[in-house]
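Dumping the structure here so I can ask a few things about it.
As written, the chains take the letters A, B, C and D, and residue 1 is the first residue of each chain.
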Amino acid sequence: MHADVFRAWITAAAAIIEEQRDHLTQLDAAIGDADHGINLARGFTAVLSALDTAAPATPGAVLTLTGATLISKVGGASGPLYGMAFRRAGKALGDTADVDLPALAAALEAALAGVQQLGAAREGDKTMVDALAPATGAFSKAIAEGASADGALAALVEAAQAGAVATISMQALKGRASYLGPRSVGHEDPGAASTALILGALRDAALASP
Amino acid sequence: MKKLINSPDTVVTDALAGVAAAHPSLAVDIENKVITRAGGPQAGKVGLISGGGSGHEPLHGGFVGHGMLDAACPGEVFTSPVPDQMLAATKAVNGGAGVLHIVKNYTGDILNFQMAAELAEDEGINVVAVVTNDDVAVLDSLYTAGRRGVGATVFVEKIAGALAEEGAGLDKVAAVAREVNDRSRSFGVALTSCTVPAAGKPTFDLADNEVELGIGIHGEPGRTRGPLAPARDLAAAALDAIGADLPLSGDLLVMVNGMGGTPLLELYVVFNEVQRYLAGRGGRVARSLVGNYITSLEMQGFSVTVCQLTDELTRLWDAPVDTPALRWGR
Amino acid sequence: MKKLINSPDTVVTDALAGVAAAHPSLAVDIENKVITRAGGPQAGKVGLISGGGSGHEPLHGGFVGHGMLDAACPGEVFTSPVPDQMLAATKAVNGGAGVLHIVKNYTGDILNFQMAAELAEDEGINVVAVVTNDDVAVLDSLYTAGRRGVGATVFVEKIAGALAEEGAGLDKVAAVAREVNDRSRSFGVALTSCTVPAAGKPTFDLADNEVELGIGIHGEPGRTRGPLAPARDLAAAALDAIGADLPLSGDLLVMVNGMGGTPLLELYVVFNEVQRYLAGRGGRVARSLVGNYITSLEMQGFSVTVCQLTDELTRLWDAPVDTPALRWGR
Amino acid sequence: MHADVFRAWITAAAAIIEEQRDHLTQLDAAIGDADHGINLARGFTAVLSALDTAAPATPGAVLTLTGATLISKVGGASGPLYGMAFRRAGKALGDTADVDLPALAAALEAALAGVQQLGAAREGDKTMVDALAPATGAFSKAIAEGASADGALAALVEAAQAGAVATISMQALKGRASYLGPRSVGHEDPGAASTALILGALRDAALASP
């Protein structure tokens, strides 16, 4: 997969975030402060224009610029966390022009590591990690088992979506939702939901690529 | 949504333009969203910066000036600012003696200030961060992101600012900031919700006979919901929670803070109940603030912050301050 | 009705007890509802008193102190005080040089202050009353009780207070008070109604997309109702009305005042539009206030007050003032 | 009529004002500032305790104390105006122990004169004067025409009530309602309404007297 696929990914992610903006904000209103969709929509809009201006040549450069822009434009908890995720993924890809599935898996593992290093959340804490961790795990496992691109990407997205849904029954231990204690149970974590959307955009972009 | 704005996208920058026009003593970089003292950095003086989401005015921009902050960086409404703003502010106020970051304990603020501090260190600026976490409504445990930083932030900015103005070094200024935070506790009560402009609808719903006890300044829900009660009982609920964590005897600095939509008349009613409660437990209100200092947009409600004073803290509290929202002695 | 009170009957006295506890610089006679400076009357200094219904805080009690008022008498919520209070205040501040009554133009305030002045004259105290009537929303004609006194009252209290502090005589102090009122005009806009505690329901209803243009500070309806519009348009509507009655060029003292329930963030947005509008017409904002100074309980909305400055008025505005709500220079 | 009749009048007035408190306040909400009922209820409560403590011996003293107490306790526009009305009425009665109908009529004329002197309102300005003026006029006229006490008092109250109702179609030229200009038309003036209630209480007390 070349740089254009990754640009397509970010473009698709920006589109679905914009579309789901109010939904994500409402999820955040229930257990946070009602700005997650607003934050990410603002961030990805800035990312798109940054990609237009800089037109990075490699997959790694696309993701690194995406991460840096999110850090500069989003704020809140999700800005640094998603920013770190994309930057680490970009750095992991180095300057290869054509990314294969194992390299993509390694990049996603690096993204997860970056999020956990910065935010110190573990699986079960009711955060984006609960979507990202199972997703990367399922993706790497599928690839190791020799799955096709379709199969591996399907596994990635299914695991992310299942992980996001699973946060509904969790009590938040990190982030703003943790202030609610037991009252956080019964609501889907907005960051986990946005992670599932962003990984869904990755699958769509990758499958659309020749 | 009924608001005095032009559009949700421009509310923060439009307000910053208003701040710039209203306060010649401030320099406002509207594009980068940084408010500094007009004078520029003072050589040899420790720089104090703080920042956080907008919607809490006068916090933090209203506290920039002699004897308090050197700079503030406002984020979008209820969203912490970004590292770029904090770095720009840190560079703008660095007089060579280092810069103190006053950070309210929210994951977003912590992470963004952390990144900004790293960037500043890369540029050779000595930065120390002090985190405020005075909100007793949140249990400070492994099961939460920790107590939120609320009203004590005002006390920290005033008192640390006074010490920095006297020429104290970064470590001493950071130490007194931590001391003030350690000696302060807060608790908030909401009568109504508030509406983030870009969201367009209230963050939460409260029935006409309900209050939210332990509300956060971004409308985060609190400990429990309770029935609407007389001011005396609501003040007691707040002070019971504070008193469970901080002895309420001796000389106290007390703030009864409005959430933004509560009339001053009612805040004085609450303050009267607060001082009566404290007097009943051997607490003496030696210094006080009554008004809107750390708000949540148009939310109706109040918070109480209590700080155990020492002679030194009282001296620094009384020191001259000259900011848009807090001014005395000059 | 959601309010931070113990009961509608005690809200004013409970708040006064809070004022007494919060401000050692003030002496508060809770039973007679009179707030004076703790120092007592100053021999040879003209005494300034004002008063009006409660619910407009910080007006008037928040403006008692050095360089401004000597006493304030708060009535029940939105109801002018009674002559007994005004007489007690007049006697309390009489230092032998006479007493100025600053009266907002409402029938109730006029009649009660008139009776109080007669009683004071009977006791040999020289009283001059100055009536403020700056609200251009009301046509000053035979067909009305005349323009209402609103924001200019704050300017009058500050500037006349400064001159009195310098030792000027009663006639001079009254003259500058009249001059400030004559050179000032105001206009208010409400986004929401407010609820008088004893009434228990909102004074009027506004649809979600409606604003009241020309609102009075007691919730008296204004000139017209209009659609909710951007801050820029609402500020222009207020200034168009003011400009029709007062030239908006030259050095101006401008207050963007919150009605009590409007966040400071939004008031700065409005102030930005106000200063842009004025700049476009050759007006220069030489001095300004942005915040809650003359409120209507929890009403959301704003008012704009513009005063044409002279060098002398600017000098008196800049003079030191030390009150709970307005403080600089000491 | 002796002092007890006048005490009975004020007691009945206090009762009806208390009963109609919210109605009067709502009338004031429509064209004023929603406090007329609250103001008068507070004032008459104070008047009752003042009458208990001082126990004035003459009709004139009862009304003078009533007026002084209203001035001290009510505030607003109605406090001084009703206070002046009762004080002037009391002074007009002098220290007679037994008031006849002509004396009562003269007292009411004095009350009207006091209100108009202080407030400068004319008939048609949509104020309490629009109830008080026709009522006193009708009362004096009935007495001049030799009407019975019943008849004269009935005329007094009917004219007051008709005058209050007539304010509905008036545009206010005095008081807070005048700020509304033409928008004040269509609402009954709260002070005219309370005047009709207070004069109704006078009739009841007078008729009940032996």
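Here is the rule we use: a residue touches a chain if its C-beta (ideal position, glycine included) is under 8 Å from a C-beta of that chain, and two chains touch if they have at least 3 such contacts.
Bear in mind the structure is a predicted one, so any value in this text is a computation, not a measurement.
Engineer: Among the other chains, which touch subunit A and subunit D together?
Structural biologist: Touches both subunit A and subunit D: nothing.
Engineer: Going by the average position of its CA atoms, which chain sits the greatest distance from subunit D?
Structural biologist: Following the centroid criterion, the farthest chain would be A.
Engineer: Please compute the C-alpha centroid of subunit B, do the same for subunit C, then give the distance between them in whole Å.
Structural biologist: Here the centre of subunit C sits 29 Å away from the centre of subunit B.
Engineer: Using Cα averages as centroids, what's the distance between subunit A and subunit B in whole Å?
Structural biologist: Each chain reduced to its C-alpha mean, subunit A and subunit B end up 32 Å apart.
Engineer: How many angstrom lie between the centres of subunit A and subunit C, each centre taken as the mean Cα position?
Structural biologist: It comes to 55 Å between the two C-alpha centres.
Engineer: By residue number and range, which residues of subunit B touch two or more other chains?
Structural biologist: 77
Engineer: What topology does the chain contact graph adopt: line, ring, star, complete, or other?
Structural biologist: line
Engineer: Spell out all pairs of chains that touch, sorted by label.
Structural biologist: A-B, B-C, C-D
Engineer: Once bound in the complex, which stretches of subunit B touch subunit C?
Structural biologist: My answer: residues 2-7, 11-12, 14-19, 21-22, 54-55, 57-58, 62, 77, 191-192, 208, 211, 228, 230-232, 234, 260-273, 275, 285, 288, 290, 292, 295, 297-298, 300-302, 322, 327-330.
Engineer: In their shared complex, at which residues does subunit B touch subunit A?
Structural biologist: Residue list for subunit B touching subunit A: 53, 75-84, 106-108, 111-112, 114-115, 137-139, 142-145, 148, 196, 198-199, 201, 203-204, 216, 218-222.
Engineer: Spell out the residues on subunit A that touch subunit B in their complex, using ranges where they run on.
Structural biologist: 25, 29, 31-35, 38-39, 42, 71-81, 118-119, 171, 173-176, 178-181, 183
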